[in-house]
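The structures considered in this document are given below.
Next come two complexes, and both contain chain A; in the first it sits with chain B, in the second with chain C.
Take a look at the complex of A and B:
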């Protein structure tokens, strides 16, 4: 008696299934409650400003809104991202999953895509809340859109790192490492200045190497430009998005490689 | 069980009471101290920017709002000691495009701290960081005008008017301020420029037309009075008529006032008058 062959899903179908599951899990973990906190902050700030500031309230509402979207996004990416793979290993659900015809890289990529969808939904909803508050003040949020796009790209990079570290170590260490990457990514621009102060030799080379390895997250921040309506160099948003996405893809590939070689026993 | 709850409740109440009393005591201890020296230790914005991890505009907003509250407290002594540092080195370093911060910082310096040069230095920093913004030189011009420096005000209006997007009203202010500063020829040329510009709005054109007449009369009056003074120095008496100035070569020709109304002249005193019914401002 011959056994029926096991249906092997395509890579896309496997990734989609895991991504959908990750998305549902994050929603069940009440990640979207953050939106409520965001809305309260933005509306509260907009009311408070009329009492405290002199000059343009809209400028401050935009700054607060963009920073809150960015910071809440990073917190979500780090704290949800670092436990994504680790939780599956700790609960041993990874054995069941990998017993199915799902490749390890598909598992990691699915987790990444699922969290990215959650983050994108978060960012879009927060942006809409900000747009409503600005509309109420007689201003438009649409000029902020390029900054929102690059915040999402920044979150893609942070998520990729969170997943990589989640495959390597426990959630606490992974969170610390991811934050370290986030901080050093925002300080990357100062490394060439530091290099100039260093003597010729290995320390300079190391400084140069670190500069090229860490993500240049500060280059993804155009908040000040969009809030003040300053012209951006042509193609800046596109090139920055391309840089961030390709960088995140590299880190994700590294994460997949680490997970491929991981021994669960 | 009940006793444990009662003890817990008592402990919570005791903590609340201690916190309230000690908090009040701290407030009363701090009340007599001027804490404005804390501002001195606010790091330069360039360093704060490093620590802000991409949130420098938000940090600038927070320090700006805090500074507004600090400088609005009229009971605080010596509160103007660090205005230049807070606005010039911190807020505007964190967000160099924060126009309100330059404006309010300069206003506090000029109006409250009576430091015109400090305020203008802040405006200059803002102008350098925002070369496309006409509002900063425009505001600096008004501060100079109010402080009684029309020539400096005229220069700032000139800079504001030269920036693309500056409304015609800025060009009008520039022309008026050059007149106030005594450069009547420059003022007339500026009014002429507004009048000749097809992009000028009807109100500006009407004002320019009126001002052209006024400034032209001011120039003619000034020239006539100078000629009379020179005549008096040379001859020991004023001229008998304005025509004598022309015949003796002190002026090329006797100017006609608006609508060909001649300038009034008193040969006894040597006073020259404008045809007053048509003169606006200080042209008499």
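Take a look at the complex of A and C:
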């Protein structure tokens, strides 16, 4: 082999390489297909649900379809996201990887980007399945697009949390914590109401603190608006997306910081 | 204050120390203590010690995977956290495991990217590295179909793919059959010939004896001995082992190593003592049936340094 100059990959090249490997790992994992097939089946049978329920068939299909896309997307983000970093540590592949001229934050960011690409592909496939079902009913899936975009933003936040927690603890706890954030994020709207019912003191402060810390995932859900064709305030989708992406970036930065300081025993 | 950085020195450890907290933060296990060590360019350096001596902990600190509690690591004069320093090293972990969903070629291509090798050259380095470890015909095989020995070879291929100046190998011969071990030794010798520095850990002494210029013996986290292998072994005087058949004379002046009936194995320190022993044995009517000049082996030295305890049992419990 010829003498090579000292080469260090650019941050972009390192992140791309790790993202590509993460993408390969996820798409060669059976769990992903299991979730995806299940989601498509749920979307497919949403028509059956619409027959059993009173109301407009299309609306029920849209409602069930969007819920399925969101839920299966979150399940993928949590299970695949949590296991990705943990597997690297558990199988010690991270040792050889980090012996390369790659910085730790580039590793975490690469994992994040790779997983996001997988999730985006997942969501697009599920959305196509929903579009086919709706087309069969003579309806268009296009008006649902803003909701799909915000589901992707929501998955970005959940993925960032999954990576943060999986750098901190074992996969089971990391999954539990990520779900806890997801659920509390969707209930964030109720916290100010809860605060009013609490007595002055620490519990009220805690409630206030949780309100400020958890991601307001309920702001990213515009399912009822798009399903019922209600008008969206101008700029709402853009502001919500900007909020979600900034929030995810902060959590990702925190995850990088934690990983940067980690000792591999 | 940091000592002056010497960019020509591939590896330097200065007062390196690391301790681990026990379960729930109770208790403290010292893994490595006050380790000073220098590896010059072009050397093959063996870090030897029983299981649990702190070898893997030391390697992890060298790679920047563990932060030392005390002291520091210098790779070509830089901290292991510098990508520029890590760009010049190749690393093979102990019992390596790689992504089993990749093929050998995909894996090396991935690592080539992480090393900033441009696409045009990557293909070439991947093929050359696979050829060098005898895996050229398996380039498209998924790693989940690789045997343990093949994974080890692939680990070596990734460690040398980018032509690093310093190659760090953690127990490179463990788990290999005799042919595989010989191949690893040949590879180390080949790297040395190409002017590379090799730093490896092992508890298999014959391997070290065959390829190392210098060794350090680590036991319970502390450095017990270090130096050129020939010097360390030559420090002890040579001796002779003598086999005698028949009754031993009263005043033979030798150490009896073993005895079975009238067969004796004796040890004498030098040629004069040997001559006196032969005369005394003949005078008693017995026969000298064999004489072997002996020199201390690395194993003798090692056992002397780690206190004659079998591997493993001498070490404090150390997480590695």
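Note that in this section the second predicted complex is superposed on the first by the 241 of 265 C-alpha atoms of A that agree within 3 Å, B and C clash if a C-alpha of one lies under 4 Å from a C-alpha of the other, contacts with A are read in each partner's own complex, and residues count from 1 in each chain.
The rule is short, and it goes like this: a contact is a pair of C-beta atoms (placed from the backbone, for glycine too) under 8 Å apart; a residue touches a chain by one contact, two chains touch by 3 or more.
The structure displayed is predicted, hence computed values, not measured ones.
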| item | value |
| --- | --- |
| Simultaneous placement of chain C and chain B on chain A, clash or fit | fit |
| Chain B versus chain C as contact partner of A:10, first or second or both or neither | second |
| Which of chain B and chain C A:97 touches, first, second, both or neither | second |
| Partner, of chain C and chain B, that touches more residues belonging to chain A | C |
| Chain B versus chain C as contact partner of A:218, first or second or both or neither | first |
| Partner chain in contact with A:24 - chain B first, chain C second, else both or neither | second |
| Which superposed partner A:203 touches (first chain B, second chain C, both, neither) | neither |
| Shortest CA-CA distance between chain B and chain C [superposed frame, angstrom] | 32 |
| Touch list for chain A against partner chain C, complex | 1-4, 6-10, 13-14, 16-18, 20-21, 24-25, 28-29, 91-93, 95-103, 263-265 |
| Touching residues on chain B, where the partner in the complex is chain A | 50, 53-58, 60-61, 64-65, 68-69, 95, 97-100, 103-104 |
| Chain A - residues contacting chain B, complex | 49, 52-56, 59-60, 63-64, 66-67, 70-71, 182-183, 186-187, 190, 217-218, 221, 223-224, 227-228, 230 |
| Contacting residues of chain C [partner chain A, same complex] | 20, 60, 63-67, 83-84, 86-93, 96-99, 101-102, 106, 110-111, 113-117, 121, 125, 128-129, 132, 155, 158, 160, 162-163, 168, 319 |
